[in-house]
Amino acid sequence: MDGRPEPASALELFRRTRARTTDLVAGLSPEDMTVQSMEDASPAKWHLAHTTWFFEQFILRERVADYRSPDDRFAYLFNSYYVQAGPRHARSRRGLITRPGVEEVMSYRRHVEAALEDLLRGEQADDDLAARVVLGCHHEMQHQELLVTDLLHALSFNPLMPAIRKPEPMPSHGETPMGWTEHEGGIFAIGHEGPGFAYDCEGPRHDVLLRPFALGDRPVTNGDWIAFMEDGGYDRPELWLMEGWAAAERNSWDAPLYWWQQDGEWWCFQTRGAQPVNLSAPVAHVSYYEADAYARWAGKRLPTEAEWEVAAAGQPIRGNFMESGRLRPVPRADARESQLYGDVWEWTQSPFTPYPGFRPPEGALGEYNGKFMVNQMVLRGGACTTPIEQMRASYRTFFHPDKRWQMTGLRLADDR
Amino acid sequence: MDGRPEPASALELFRRTRARTTDLVAGLSPEDMTVQSMEDASPAKWHLAHTTWFFEQFILRERVADYRSPDDRFAYLFNSYYVQAGPRHARSRRGLITRPGVEEVMSYRRHVEAALEDLLRGEQADDDLAARVVLGCHHEMQHQELLVTDLLHALSFNPLMPAIRKPEPMPSHGETPMGWTEHEGGIFAIGHEGPGFAYDCEGPRHDVLLRPFALGDRPVTNGDWIAFMEDGGYDRPELWLMEGWAAAERNSWDAPLYWWQQDGEWWCFQTRGAQPVNLSAPVAHVSYYEADAYARWAGKRLPTEAEWEVAAAGQPIRGNFMESGRLRPVPRADARESQLYGDVWEWTQSPFTPYPGFRPPEGALGEYNGKFMVNQMVLRGGACTTPIEQMRASYRTFFHPDKRWQMTGLRLADDR
Amino acid sequence: MDGRPEPASALELFRRTRARTTDLVAGLSPEDMTVQSMEDASPAKWHLAHTTWFFEQFILRERVADYRSPDDRFAYLFNSYYVQAGPRHARSRRGLITRPGVEEVMSYRRHVEAALEDLLRGEQADDDLAARVVLGCHHEMQHQELLVTDLLHALSFNPLMPAIRKPEPMPSHGETPMGWTEHEGGIFAIGHEGPGFAYDCEGPRHDVLLRPFALGDRPVTNGDWIAFMEDGGYDRPELWLMEGWAAAERNSWDAPLYWWQQDGEWWCFQTRGAQPVNLSAPVAHVSYYEADAYARWAGKRLPTEAEWEVAAAGQPIRGNFMESGRLRPVPRADARESQLYGDVWEWTQSPFTPYPGFRPPEGALGEYNGKFMVNQMVLRGGACTTPIEQMRASYRTFFHPDKRWQMTGLRLADDR
Amino acid sequence: MDGRPEPASALELFRRTRARTTDLVAGLSPEDMTVQSMEDASPAKWHLAHTTWFFEQFILRERVADYRSPDDRFAYLFNSYYVQAGPRHARSRRGLITRPGVEEVMSYRRHVEAALEDLLRGEQADDDLAARVVLGCHHEMQHQELLVTDLLHALSFNPLMPAIRKPEPMPSHGETPMGWTEHEGGIFAIGHEGPGFAYDCEGPRHDVLLRPFALGDRPVTNGDWIAFMEDGGYDRPELWLMEGWAAAERNSWDAPLYWWQQDGEWWCFQTRGAQPVNLSAPVAHVSYYEADAYARWAGKRLPTEAEWEVAAAGQPIRGNFMESGRLRPVPRADARESQLYGDVWEWTQSPFTPYPGFRPPEGALGEYNGKFMVNQMVLRGGACTTPIEQMRASYRTFFHPDKRWQMTGLRLADDR
């Protein structure tokens, strides 16, 4: 959080972000927005309220002397994990909160939005305020992505396989053979610096020493993945990390999450409901363990996050992001452009650790990223569920290696 | 299920029962009706749909040749445990089904009601049909009770402590000392026989041999229970069954479910929201283990179900039932009448086992009670959440000895 | 515990019982005697020490003013569940106690034996003392049985399938068809009364009212069981109690414990190591759930414990008990004698509940049986691992309905 | 495994290593050597057999045409995790294997030793053979360390607190204030290369880019740790990684493993039995989570493994290792020498990941390290339970961040 935007641009971002959230839940019923399918996931209603609480807690309560919350107890219900911001409701029980209902949460949103607009347009608006608002917007964008993937997970337990978005056909291109882009070794700077928003964990910008490497010019596709499966990928422990194999056995993994076989064909559950697997689209919903096993099977490896960032540094940020409205990975029209962004988050072989010199900010906001720096792996590039506005080359997201409910895929790397 | 009612009276019961269900959920939001707080409990929406499916599955599909369900897949979603009626959705995941939503379920109810009315008023209506309808109504009444207690359980996880019914004051009478009613020993017949509805497990009517006994003339009250607590009832393993003590330790029981202490006073969560504990009302939400420990502490014992039924045989059925609308136990105006019914289900010391000569009916309906005849204890008398229409002296309900979310209390017994 | 034996006979029983324990463990290694395979089971070494502690705790410490234990800390290690006798080591961790070792435990045994002999031969010896010693001996006999079955369970995890006793051939008779013995209804007295040892839970003797019934004239055999299996017994949920079916699915039961199929033939693991299943021997190592499903499949039922005891009342106590040294069920030479005792404990349909008027004795010894009176089922008749000296018609043992590691089988009953 | 030793020196190492193992278990009873206290740990007897199986499996079976194992089934019992070497006994059940007993395992050891001596002294002995033997010896040295720490863990469950080694006094020096050693930044080579044994994961040797840093000149001591505890270290979630805090809460951590407070003084359980905590000895038995929280509390950080190795590169390898016989950390006589080795393994902030260009060897031996490269943290420097013969600057050991049963401590680092 070191951007220094102006209040006016922060206000615009705020409006745009809040509106995107409202758009996302249009068409969802109160029932859809109430349920929680596992501790990792949260109800859509909770996302709506938590992102609102974030602005209330870290801006309104600090900056508006006479601010009145519609209900002070919401702070208990909608704090996620900020221990320095007070006690909070058990994460595993968010799906049991039926009141406030969706309407009351929407009213809470409007209440906070009005107060924040007043503040941003008022005399006290300054760069610090704007910076906090921008952080709050990026925070909300992260929750937009989670809202979709969490809801998809919840709906996946419904044997009626309801769709979040209207089903529509998706043409499958033929298989595009994967090529390689070549990269020199040397000393490179990675990490965020300078103006513009970034999370604390993206800095400090620092030098890394890389050896020559190559990156696949497209993500691994569903077609590639089926080849792996048909070659016994899920039955050969020697391809797997020990804990990966244990996870696969414990959970009976034999395909990506949401896949099943029907009359000899692979199907999957998506935001568009039940769909045949599109062979030329990037594979999604695979864990790090599976991605790692695939790379070993292919005789390659996953990239490090530094390799990925160095390769991405000069690229334009474009691709299939949330704004496209597709909410699922699609075949790449032209893989030749080696586009690194969009469709699926790409697992790297890098554990999520602090960059040299990293110190989290003081206070509750310092809990944003630092306290997760163990047992998780970095992913890069954003997905079809990520707002493009949130993306940049230095962006690091991270998940545990056994997680599959996010839009997670992979791209191969190799030594040169 | 051996009543032989006429179609006309079955139709009236059907209308009355269905309307009571609709009344029960008036004022609940779609969010309230969607959640499930544990595997033992079900969403209100599920209860609405499952009771409807019961009529559809066991009557309409069998008797109406051209019956069309609004959605054949509902059979999968809303079958509870009838293995002979086909596969079903996992019980622990009922709370993840957001679609069909409440409105669609209400429409499903109306669809089935219309079809059943046609059938009952048609030419094919006969005693067999009427008997099935009556069974379906009693089944629905059981679920009315569960709907309230399950919802209470779900709401109890909400720190805002929302009320199902409008809070209203409940005066506490002074403590009424408990007296005893005396009963001779001898051979008595218990169990259901003759006209009128009863479940299979209430028969065959058979002789039992009893020794002289006495019953408390009122249930154990909250005031009594606090005396037990203050005498270390939850800290003295010698008062407890071994598995009861283990359950108490594992779950940190130190008072009935939904109780907490605040400024030196005991409070509880009820359908009326947070309330001070009323000392003269019957204690509710205690497990068999606690009831048994209490009786040992008091130097008495729990009654057997045969003792309870023999004592109840000649009594009028009256008391605080669901129809009163109170939905919580209330102080007894005059304990001297020794009323055995209403307010709280009373734990007996009798495990739920088959009566001599019991054979479950053939087919899926035979699964109604017989397959639960292990590891559960019988309770008698009905509670403030039980429709009085459902009650009779031979009625046996049953729960595992560690369950506390039902309206379960106790009455003492003693040898003579 | 209401026998009133004389000190001299108590001394003889004491010597006989202690010697039998020592004989049992002859040939076992210190390693064999150390391990614990589950919380229900205990190491052989623990059984040796716990039965010794019982004499020390309940007799020597109370009656011998200057008694000195070899190590006062043994009381903590070797108390089982007597909460009134002080705190104790966690049951699930008995298998981690390597010291005292077997030799030291043997020395502890000799120390207590010498002190007890002195006491029994001394001037203070009286009937009360003798009664306690007799109780201690019966207690030790119960542990003799557990020692064998617990060790068998532990060894069953060893893929080398080591035998406790030397393997020896066991001829299989042809199949003996099962017949029925007929019994009148009426009022009968059951339970223990009068001289001779019995546990508290066997009294008070009291009247029960029975309807006419029939009992199978032999236990269900392995051959019978295979017929059940071949008819889909483990695949038909309608035959099972709901919790039984859940247990079977959860644990993948498809045969009795210790059975496996090899080249089309059924084998089992026994005290004699791996053996072919003997078709004419009584089936053992089945749970109550399986026994109940079998009875339903056969169109019969299990007997009540009162039926069993009334039938056994006039019979001589003989059969295949521990003293035979076989330590496994054997085919009955002549099933026509309808012998009710020995080979396998027979599941009844009776939950373990207190007899009318039952009150446990005061003090820690009152914990012997009373606190287990929930969630367990009564078994009758003793097994090949039971000392015959312990057996009588009123003897009630009890296990949870899912337990299979004891020598548990069944006999059918039917209404008449 | 790229050392190229000569057969003669391999033979000497073999004899020395095998003898050290035998020395380690002198004085242990068969009971001590049988138990397993958790899945992470193994029985001493299993370590004795598994290290023997390693030589048999990877050398004798491959090189000696007519080699006969004493029991071919041992391969199933004593394979650890080499999936390419065949199926194996469940890790969590190693403590249930009572046969083969200790004596038979000792005889198995002698059998394999004799065969291996023959082979090493024979005409076919070559460098490849010697290299495998050396690997087997280093493998056995790793298990020597585990044998001690696993046994300590098992004995810790015994309330009698038995000692592995004779208790003896350990003088506490006064507190030595911690100083810092300063290190330049730059490009450095780390990892193993050249002659001498190293594990696959220590290579390839490669360049790393470091920024200037400082290292504490001694490990954190028990005295330091008590200051952390007294400042609320275990009560302040803001000091902890989120998963660390969850682990601390779940397991009720409030001090290092094996510590307890008694009459206002801290005690700990060691190989010498119960001992007062020595304030000037390095703290041991802390998890990565605790080490990380400590560093945050101290305003410092943990070193990376590259920093540690660069600092250690020029140092002589000396310190308190297994050969000292102490088997517990001791106060450093002179902290000024900044000795990096011995006493306790030091947690680094580096996850265990492959070095650039790492490829595991083909075949089952390739499973040695590569398949563990996720979710574990690297530790450096060796401990009082590590044979010094095993140590070198490039040695990487690794454990999950919540593990505490190893001799794990920490050293602080800081940016410059």
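Chains: A, B, C and D, in written order; residue numbering restarts at 1 for each.
What we mean here is this: contacts are C-beta pairs under 8 Å (C-beta built on N, C-alpha and C of every residue); 3 or more make two chains touch, one makes a residue touch a chain.
It should be emphasised that the depicted structure is a prediction, and the values quoted were computed from it without experimental measurement.
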(request) Name, by label, each chain that touches both members of the pair chain B and chain C. (result) none
(message) Between chain A and chain C, how many steps is the shortest route if every step has to go to a touching chain?
(response) 2
(request) Can you check how far apart chain A and chain B are, centre to centre, with Cα atoms defining each centre and the answer in Å? (result) 46
(message) From the mean C-alpha coordinate of chain A to that of chain D, what's the distance rounded to whole Å?
(response) 38
(request) Using mean C-alpha positions as chain centres, tell me how far chain B is from chain D in Å, no decimals. (result) 59
(request) Under the touch definition given earlier, write down the residues of chain B that touch chain A in their complex. (result) 29-35, 37, 45, 73, 76-77, 89, 93, 95-102, 154-155, 157-160, 162
(request) Mind listing the chain C positions that touch chain B in their complex? (result) 81, 83-84, 187, 206-209, 211, 237-238, 240-244, 288-289, 292, 349-351, 353-354, 356-357, 367, 371-375, 377, 401, 415
